[in-house]
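First comes the structure, then the notes that go with it.
The chains carry the letters A, B, C, D and E, assigned in the order they are written, with residues numbered from 1 in each.
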Amino acid sequence: MTTTEQRTAPAPQPLEVRDLTVRFAGLTALDKVSFTVAPGSIHAVIGPNGAGKSTCFNVLSGVYRASEGSVRLGEQELTRCSSNAIADLGVARTFQNIALSAHVTVADTLLLGRHRLTTSGFVATGLRLPSARREEALHRDRMREIAAFLGLEPYLAHPAGVLPYGLQKLVELGRALCMEPELLLLDEPIAGMTPSERQHTAGVISSVRDSLGISVLLVEHDMGVVMRLADTVTVLDFGRKIAEGTPAQVQNDPDVVRAYLGENGETGHIS
Amino acid sequence: EETGKGDGGGGDEGGIATDIGVTDDTITLGSLTDMTGPYATLGASITQAQQLYVKETNEAGGICDRQLKLEVRDHGYEAEKAISAYTELEPSVLAFVQFIGSPYVTAVKERIDEQDEVVVLPQAWSASLLGSKYIHMIGTTYDYETINAIDFLMTEKGIEEGDTIGHIYFEGDYGENALEGSRHAAEEAGLTVVEQMIKPTDEDMTAQVGALGRAGASAIIVSAGPRQAASVAGVAAAGGLNVPIIGNNSAFAPQLLATDVGPALMNEFYIAIPALPIGSEEDGPQALSETYSAEYPDAVLDSGVVAGYNAISLFGEALQVACDNEDLTREGIADAMLSQESVDNGFGIVHNFSDPEAPSSLESFITKPDDSVPGGTVVVREAFASDMTGSFSRE
Amino acid sequence: MVAAVLQVRELRADYGPVRALAAVSVDVPQGAVTAVLGGNGAGKSTLLRAISGTMRFHGGAVTAGSITFGEQRLTGRTPAQIVAAGVVQVPEGRQVFARMTVADNLRAGLLGAAGGRGAAQKSLARVHELFPVLADRAHQRAGLLSGGEQQMLAMGRALMARPKLLLLDEPSLGLAPMMAARIADTIREINAQGTSVLLVEQNAALALRLASTACVLETGTVAVAGDAAELAASDEVRRRYLGVADEDAAADAEAGIAEEAERPVLRRWVA
Amino acid sequence: MTTFLELLLVGVSLGSVYALIALGFVIIFKSTEVVNFAHASLLLAGGYFAVVAQDTVGFWGGLLVGIAGAAALGVALEYLVIRRYRGHDHSVLAIVTIGVDIFLLTELARRIGPRIFSYGDPWGNQMVTIGSLTVPQTRFAALVTAAALIGLFLLAFRYTSWGVAMRAAAENRETAALMGVRLGVVSASAWAVAGALAAVAALFLSIFPTAGLDRDTGEVALKAFPAAIIGGLDSTTGALVGGLIVGITEAMATGYSSELSFMGNGVGEMAPYLVMILVLLARPAGLFGTRELSRV
Amino acid sequence: MSEPMTLSSLRSPQGLVAYLRSPQGMKAAAWLGLSVLLLILPFYLERFWLQAGLFAMAAAIGAIGLNLLTGSTGQLSLGHAFFLALGAYGYCVFAGDPDSQLVGWGLPPLVAIVMAVLLAGAAGGLFSPIAGRLRGAYLGIATLALIFIGQHVLFNAHDLTGGYNGRSVPTLEVFGLSFDNTRVLVGGVPFQAMEKLWYVGLVMLALGALFARGVLAGRPGRAMNAIRDHRIAAGVMGVPVARYRGWVFVLSSMYAGLAGVLLALVFQRTVPSYFGIILALEYLAMIVIGGLGSVGGAMLGAFFVSLLPQVLTKYSEALPLVSQPGTGGGLAPGEASRYLYGAAVVTAVLFLPGGLVRLPAVLRARRAARIKARAESSRNMEVPT
């Protein structure tokens, strides 16, 4: 059934990053970085701490402005868009440092993801117009589907903020999925999880890609998972791209080993 | 009345008609004061003086065989509380012998005229409150008072046609009403007025006095609070601007004489007031200051004491008249007030309440600070109404 | 075996109605590294909060049991007193002082420490040598550092105080493999210099390699405890926390597939 | 021209007092991120203690008593109220200080009653004449004091561990505690300092050219809000600059009120707030405040 | 979903009983009782209490608005009183008698109300660009500027506002029936302004509260909370942050405007000094005491803050050490009530984090905990420390 889904699915567009440069006072976080995320592929960005991975995500999602270079999703140039405009194009992301509210329930957190897909505004909701009620009901159902898919159903009524770290990561993923994204940006989605949780989450990510046929851009320090999930890997170091290729290729690339993996390869992660 | 709700009022036995706030043995009077807000000092003095009057009267057997009772509400000069307090007391009192805060009196003015028809004696001397047959101000209003003050400056302080005088005044109807007076007088006498509006929170008058000095003012009128007046006097003296300064009745407090600016105040500072000062030798003030000090040993003797006592005792006169007419209804009291065309209750002024459009008197005393007498002021010019008041009319 | 420098006995900790720890007993032998493993929500962070006396900041409290450090009883002490006693924690999720500069963050690390300027200088030099980036960024606002950089800062900040006992809550979280390895070396090194360490780590492989003793928390109780090597050997722990039940990636993938088979597949959203 | 200079001088002399009050706000905000609405009552309390004490111990003694008393009050306030708050929301604490302010002001007003106290201060009502310009000597004392204190705290915040502890505690109480910061001591000390500063401000507020200390003296504290904001809520330097700007604006608006009459009467009161808005439009965190930068 | 069940069950008496026993049944009953009570109050209460109640209702409307802004969207505002003033004076100007010496457009009162509310909203919209740039305390004190500028205008724009003594408020007239002081006998009780306005207040408050609840429970509410808790994330989730902040500012100002109109109608005269900083701070106190971010909280807080002083001044003579003003000795009632008010604010905030709305929940939790603790201490001997 996955396959049929894919056939009916409109082919998502490629994401093209060209000579992307970001400068902050006195330092260049990204330096002429270029790469392309093929439609429906899982593309990993790895690199040492401070290499510029999150900065790259922040540009893609409109949080930072690029100093130079261009980012196109299909025909659409993203570097000039505000972050909500980018979201409307179907770009969803999770955050490296969890960005959840302590007071808001998991259910409402997930529903926030539906914002771009819904329309009812102050007047409609305030007057409880039928249109608003219908919309709400419809999207709540979908939200539950996604929660069930991630195994978050039991927690829907809990405040997201006090859940254990690993679950919070899942909630973030769920919120991103609720945006029905075309491109999914995941910044260290499995950090702070136990191996079994890692496997579970990794499984979720690949299954999402398969069943929805969307593109995924993934930042992760767990090489095991990167190896297992990624079709292509781009390696950054000090804001420059130092390598690109299949997981196998980059894993044995001497530069990558020197800059990132380390000789004694004590990654300690699943592998 | 056919209502399930609370409502004062007694039968009419002994042939005396009564409605609200009067029973067979008590007459309840309302008093809306400020003891926690900006006018707390004034409010305290007025209220205490009126309580004193009530005590004296009741000891002397009351009025119309009835004991007086004062219902006091402190609204802290806050609109919501003031209006509520009025609404609370109105159904159960015969009249209001104190109502501080002219904005709030104005706020209920319509209700008073059209509906409640209750006599109110506001402790504010702004002309904006004139024009109601129920609202009576005791003594002259700020505009006339200011005209009198300027008259004094010209007759006794050598201010002449062509001179410039400064006028530092509070925003609000006190200051603005006084300003109308000074503008009129200036026009009459060919003076130029330099205006400086301030707020009650401004306490350092350096800038204002400086401005007046530069404008070449040869006298300063202060229609503000005691602190501002004191600062003006102090700065002027220290800055070598030796011009006469005269304030309205609210611009002085005896407590100031003890402060650093005391000397400056006793030098060239004058106050125009609508009744004899409490420190005067006359019987009225004399007696009052003695009984008051006896009743409230550690309270200050200021103009508020006279104002409060003056008001309630004048009301007492009206009450007596109403009693003689055997009509203690609100209507009866209102008529009794209006019927008083010349009453002198021993505070140096003859009041005429017959004209709702005019204050009960146009006269002012001019006084001068003097720390040797109780209340801290002595009369330097007896009660008078300037000729310029005659030509004065509000738009 | 050496006397335990930290003894946790029958510890119970609640967040209002939520019971996070029930009768937990853990020992940290003098000069040893003790690892605490456990899934999400097992109570690891709570254990560290209880030791550092910061439960109340989370609306929680230690409701029974005792914690003794050397001779002193820590239960009921203020966090400051506990730090003064030489027990310093690197909290979960970095918690750097975002608005203060990196340099001031490090100075903050000295606040609870004894010793004069000289000692401070030495600590600073050592931290800078461990994490050069902290020297380069001395005057950058800590909040602007990358996730990993912040993790390094948190670690360095704790080291400034030259603690007797170091509590680490997932120090390798979000660190690149090389940096994780460096943290591991650091832990070894300071441990060699006589600092005892209580290490909470999702990266169980790393943790067990470092630790001499270890225990596994499960929903607020100690499931297994003992010698690290033995635990590392036990199948239970290997499967649950090392994720190395099946060494070869193929089987791993199979496992993944297997999972996905029984996981509900997310259908495409058609509005 | 002399008019302008004179107004400038008057403004500076007013502003130096505002600066002192603003500094109190800044200290509290820097160390607890609380906007302290109770500053007015701290100020009045400090003045009251001083004037009451000075009959027996003289001016300087009285001033010391006032400073100590207000500091103690600040500590008590911190211990009895601020410390009891379990939540994290600073605006909520601000509300608490409103309640405290109402309570304290009522008590002080009741104690002071109708009285107007004067400090027997050594400056009296002398004026200082510079060329054609004269300003009260007291204001020079104020300016010097303000500058000195502000310099002092600037150094304290930057170079002492007390300063680091305060900033740490302000930003994240739990983590600060984990660093060994004694939260209670830190915030208590901040409130003590704020109280002491308020007492000093009270002195300059109620000596010549103002009439003296009475129940309303505290109200001026409001004018320190725009001052603190213009300078930047967490900047001691800002307090000085902001205070002076507010003072000068006010003096100018008053002095040139005839020229400004098209804006209506009493512009002096409002002008500082206009300036504040303009400043904030250009610099959302005030002139010297630290900008809030956040990343994800 | 329980509706049809209940409807059918209500036909049989025991079914009715069962329904009333059920939680939602009790709730419904409680609501019913409350509404009936509110509707009959004017027949029994003195004018003083009706007026106090109306002040409270107006406050509640304003507080709901402020809570949308500060509680739910995290934009601190000390300038709420300014927008109240706009509503109040706006109504006076729009409905005012054209041939009085003050400016008046003589519009029908209902239209005037709508326009006044819109006016306040528009002003909020104008200020929102400034608000958009500022955060936290800076925004708070920037809005404080609105108060002072507003006061300045109110005092000076004499033709519009009547200056210091304010201007009188045109009476509300809807479909021929006029809400002024002319007595109308309803069931033997004379209805005057307060009695009539009571129902106007109820309607306004009910509508305002329901609308706000809808907004908060729905899509805009979620977006607002997201902006409060994590601005950047909100943007990334597709929320147009700046626009939303602007709209919320407008909405909250419109609530303030409506509250202002109601206040004006109750006062029957608008005075500028009322719309000062004290009022602004009171509104902040309301939402904090009642509970940030919830409609119920705003209302509870408003009732608490605006009724407390009234009750205290009316009954404070009953308190120990309180004496009639001027009779010497003891506290003046006004003082007593201010002490209590200050203390109440502090204690309410300190000991009820989350506000009055959370009170029932807190109590329930306490009880549960106590029971749990007892159960345990009986099970294992060691007593919780």
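Throughout what follows, contacts are C-beta pairs under 8 Å (C-beta built on N, C-alpha and C of every residue); 3 or more make two chains touch, one makes a residue touch a chain.
By chain, UniProt protein names: A, C = ABC transporter ATP-binding protein; D, E = Branched-chain amino acid ABC transporter permease.
Only a predicted model underlies this, so the values are computations on that prediction, with no experimental measurement involved.
Considering the contact criterion stated above, the chains in touch with chain B and with chain C alike are D, E.
With every chain reduced to the mean of its CA atoms, the largest distance from chain A is reached by B. One finds 43 Å separating the Cα centroids of chain A and chain E. Averaging Cα coordinates per chain places chain C and chain E 48 Å apart. The mean-CA centres of chain A and chain C are about 27 angstrom from one another, to the nearest whole unit. One simple way to say how far apart two chains are is to compare their mean CA positions; for chain B and chain E this gives 38 Å.
Among the residues of chain D, those touching two or more other chains are numbered 86, 106, 109, 222, 265-266, 269, 292, 294-296. Multi-chain contact residues, meaning those touching two or more other chains, occur in chain E at positions 155, 232-233, 236, 335, 338. Residue positions 144 of chain C each touch two or more of the other chains. Across the assembly, chains come into contact as A-C, A-D, A-E, B-D, B-E, C-D, C-E, D-E. Residue ranges of chain D in contact with chain B, taken from their complex: 3, 6-7, 10, 13-14, 106, 109, 113-118, 124-127, 134-136, 205, 207-212, 214-217, 219-220, 222-223, 250-251, 254-255, 257-258, 265-266, 268-269. On chain E, the positions that touch chain A within their shared complex are 210-212, 214-215, 217-223, 225-226, 228-230, 232-241, 247, 251, 293. For chain B in complex with chain D, the touching residues are 36, 38, 40-41, 44-45, 171, 194-208, 210-211, 214, 226-228, 230-231, 234-235, 237-240, 253, 255-256, 258-261, 264, 299-300, 302. Considering their complex, residues 52-54, 57, 59, 78-80, 83-84, 88-89, 91, 95-100, 104, 107-113, 141, 143-144, 157, 161 of chain C touch chain D. Only residues 61-63, 82-84, 86-88, 93, 95, 99-104, 108, 111-116, 118, 120-122, 124-128, 132, 135-136, 175, 179 of chain A touch chain E when the two sit together in their complex.
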